[in-house]
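Let me begin by handing over the structure; questions about it come next.
For clarity, chains are labelled A, B, C, D, E and F in written order, and residue numbers in each chain start from 1.
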């Protein structure tokens, strides 16, 4: 049992961080395990609301989780993959959009509001927030590279952040589903990490916090001792080139690079499996996971 | 071919209406045929954008159309009905929400933006816009009335219009899917006419325009000559009691009554099958359909 | 007879222009036939109010018409002319000012207000809007040029646009009589085209629309086929030098050049004898008359 | 010669009055001798600018002086009178308007600006400031009273003070010519005292200062000892009824009554022949002339 | 040692209180032991800054502590007392003011700023914040009561809270020394509890928190079991009348009554000897000490 | 006796100065004889309030006068001096702060408010207005210079003018005691001339007015005929180097140089022994004392 004087000490310990981040914009990429495990979920929601309550401006970008796959299965839709990306025909896109916007997003919004926030769900179509262009998959055939059309998979072409400023100014928490809109009004599925990075850049956010299912970045991930606390943009780019950063970590790191390029101050790859890892990063000197900064 | 002087005359003819409604709030309930027929759809979208462009504050509430039924069929979900209302279990609710929020709503938003508006999709969970409570279906057994739980079908318990004011102030067009949120964060499906009526009331709208698939209200609908242009609230209530207004027209008229009770100035039941019927109502003296006013 | 669907189509056709010019400043130089012919007058007034009603910021500068001459005649005042400019002694100036400010201006203001605008009459003395300096007439004697004092005829020395911003911000239409004020508080008569050009420049207007009694500019005005739709500033200057543009067209074109130099985006010499030529220019792609643009 | 310490003492003496009237609205009716005599004129202008410079909100309403008569004579126009009022046909009205708006008003505006104010000339047509209705002259035939149409002579039907608030808010001095506008846009000549009274009422002015050519009101004007410093509204009304106040003083007193009825706090009939009588009233306890107050 | 998950839990536990009091005004009366003991002092300062940092509007009123007595002793000034109140001649008053304003107040301001707040010291003379009138001491002689002049001891006559609104609006923490100003500009020493109560009333504060050197109010202070958590205004008044509340507790309770009468919502008598008692009251349901509320 | 027309002339004479300085910031260093002599004091207060009343933004910085010395004597505290500067131990500092903040400052504030201003007392601790660093006294030993620690005597390290902008915006007169605050929250006594200079610079003041006990600067102070009206910054620096400006005049001139370097427009060394010397400087062309300007 923690007594009151100890509790007060905890609150006072948080004071310098509250002062430091008052009025600053924090973009949280919410995904992975923390979105599936009910207990972790509750803690992420609480962390976000607490950061908002003490004066930060919060923006949440979420991914899709396994629900899209479940829905596709339920309607009997088979998927094929090219270079690890799902070929997304119109029907698949429609289902992905329904799930992301009409299920995942509304659930997060509803949970945040239940705990006292004023959250508003958005997707890239709202006020043309995320303008997308078609992403072509790269297929390697020996040394040759071929670009293959895999349907409605998109890249961020432009962020129109006006609606975010309107909402943040009035103390709302925007919660964004990673759907982009094409020139003709058509939908594109975009990697949520990239969306979060671009949004953080466009808002010149103080921090981008990417919740992942790993502890952070290692020089050699077989050796826990090689854990990296801070990485510069230049180092990170080099490590991607050398292949030290590879696989699923690449889009995470690239999202950080996009954020920094756009004007964000700091980016963090955080272990979402650890309870309250957002608070750990924001309210302690120790921080959590690996941070990537300009330089 | 219309020559330019005639065109100019048409624009000038619209001038007094533009002046009259500048800065006024117009709530459009978008549904029925005008939401299915592609040509009508384009015209409704244009009408809404034109009204916005000349200075009105537009809010759109849409219904679901046949897409929910199609999706339920696609996932092999059977529905049962009580007193004409679909029994809505959790799975049915989830599908209705996905379709309304993740498909119908995003399509309307995307169309409006394509034509130059700044539309933002909302549902009742966003900033707790529409707080709902369970609707119990009335089953008549001889003279006795029994109330039956039919699941996640809701009534409007409260409108929190703050987010609408925030968006209207910044020239956005809010587009609202008729999903309500319960105390515990759960979703409810609500009749879109009622939602539109309550929203119009909460905003003290200048007009509620309900797009329907009929010409308006008749004293005797077998006799076209009995068409009613204007009806007072009191008359409308009497006609419901007498059974002159019945069937599918009852929720439309009740939506108008809710709007007027809440503070809207005028309500209109309009034939959405007629092209540009919104403009006809707003930009001419003749008007369109049946209007219900206080009194 | 035009039916409603055709009317709606006309309104919808105007939509992109309404969107394009919303919030933009349009300076109209009102003069010539359109100020004398009662039917044309009514149409110009309606056009101006319509443009205002759909969201543009309108400023009107008017000339004097034949009323000054009539008044001078009525009081038995003879005029002499030097190089086509009326020698303006103190008494002539006083009469010109009375007519322009106390008759022409108040009539236009009154007409605009009658149709629902909020117009406010101004002249160069109000808040020192137009500071003037004496204009010396050039008299050519063989190759020699002599400058002759012809009294209270002025050039624009400075525009103080503060009062215009104050009025436009509050949705008024400023209507400006072309009287300038000298350092000592004395009045100067200034060519209204020049005033309109300088005002358009000082406001960085989107458009200057000069209503004239010709169709526009021709390369050879004997040959209708040489009509010019668009002219760059450089071309226009060359054409004046070459004498292709001459006579009464010179001040019109120079007014356009002043506007562009000051920061206006586009200028248009329009045929005011054609009904609704302002709308034709602003609400169609075809445009009206000759436009002069930067370049 | 006054030395500096004495000068400083004068400034300090004004301090409580400056503090008392900061931000308060003062309406000055400018007319009579003070408008003709060049030396008095300069002093009135200086007084107005000083009051503005130390923080009061100034509005000037002026009359016509002898210039209308001079102009009518110049154009050979004869006037007839009914009950002391000039019969005002359309031509007479046009000349009156030209002189008041295009000469008297512009001169006052120009003078004020020359001394460093930001004055803007207005008349009743500007933003429909003064809406007028026809004034019928009363002709007494024994005990019978007949109402006679004498043309474009008007009474104030309504003041629309919006444009005054807009200008005062931005530190302009509105200078108003007493022309009213009828429903159809036609002009009316209105007694400037009444206009000043109605304007003072509509602005809930702190003071209405009427510059006249008398010292104020006497109980018996043959006896200087019966001079009245303060009069209540009730007393003034009684004195008009009894005939103690008569002739040219009646419209002055009625103007004061209109001002008080409309919401002005105090009204003052001041001797405009005395230099700096405005300052005397506003910056000393002694005051000047006769004040009429509520009660 | 408390681990991070426990720390996060403490922060999350505070969330509902942070949300509840965001933007609310809290007046803290700082005095007694908490102002002398260096460790307690640091904690009070931290508590105040934390409350400010999470969005409350803080106002601090402080008393004098033993420093006035020390200073009087240092300058060799003897004090006499009437009914427990120090007779305050001009010299004593000057010393009290110097100590309160020039020592106690500046020290608190400096400490708050050192920890990151923006504190501004005030006393009753600043913008005439606290207007005072002479307090007459009551001397009982048998049944007779005599009022005795004891010099510059004052009661609050009026609070002019304008300067507080100006400072709170810009996120400053006003720190107020309990000096009042008389009509003639002279100083008065006022009981700090009363000043805090009047300030809380004038600001319609959410809470007045009085730091004292007792645990709160007891029905019988010999019996710890009779501790009172909540008391209504009516009950408190009765207890003073009955003598259950007496001695030094009377001014504390009267300060609460003044606050509630003025419009404060809740008042709390708190044990300042307990570390972080302010946080205990504001961030837990348990609360601290005795609260007095309307009723 | 001055009659009213003469008085009016005095007011009118002030008009151009009132117009010129409206909205401009004037920093007054209040000290010397004008702070001791009761009659001079009243006049300075009146001058300040008059300047404020006619629209200037006033800031007052005051020195200590002989009151600190008196208080030190009263508590039996001896002072030693190094290079003319008082060695200021903690106890001396505490007494200086008490007197400056708790006596001198509150008296000036109270006087200003009594005459109708809204004054607010400040010292360097309020919102960290004046951040100080230790000043080391220079001791010359032959050619060698030694720096000696003389305690809590400070130099201005930084001005944080935010609180001044907040107060000036709301029409308050800030009155500043020359106490600085060190990094650790400790107090420093700073020369009031320097404080005034730095404040004037930080506010980019229109004028710094230093009230002194001399007439101004002479090229040779034995010869009244060598009085200097205007001096450039460069000339002043040269004169200090040459020793023409020496002794007590050096800090005055250095204060002016700091002000000009920081962005003030003009600085004035004025004879505070002359009644109304502030008005003389601000309201006449003649000015008072010596002005130092950029160049």
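As a working rule, a contact is a pair of C-beta atoms (placed from the backbone, for glycine too) under 8 Å apart; a residue touches a chain by one contact, two chains touch by 3 or more.
Small disclaimer: the values here were computed from a predicted structure and weren't measured.
Novice: Report the chain whose CA-based centre is farthest from the CA-based centre of subunit C.
Specialist: E
Novice: With chain centres defined as C-alpha means, what is the inter-centre distance between subunit B and subunit D in Å?
Specialist: 57
Novice: With chain centres taken as the means of their Cα atoms, state the distance from subunit D to subunit F in Å.
Specialist: For subunit D versus subunit F, the centre distance works out to 48 Å.
Novice: Between subunit C and subunit E, what is the separation of their C-alpha centroids in Å?
Specialist: 70
Novice: Give me the residues of subunit A that touch two or more other chains.
Specialist: Residues: none.
Novice: Name the graph shape formed by the protein chains and their touching pairs; answer line, ring, star, complete or other.
Specialist: ring
Novice: Let me make sure I follow the ring: beginning at subunit E and going to subunit F first, which chains come in turn?
Specialist: Order of chains in the ring, subunit E then subunit F onward: E, F, D, C, B, A.
Novice: Show me the residue ranges of subunit D that touch subunit C in the complex, using the header's touch definition.
Specialist: Residues 74-75, 94, 97-103, 105-106, 109-111, 113-114, 118-123, 125-128, 162-163, 166-167, 170, 172, 179, 181, 184-187.
Novice: Can you check the complex and tell me which residues of subunit B touch subunit C?
Specialist: 2, 4-8, 10-16, 18-19, 22, 43, 46-47, 49-50, 53-55, 115-116, 275-276, 279-280, 283-284
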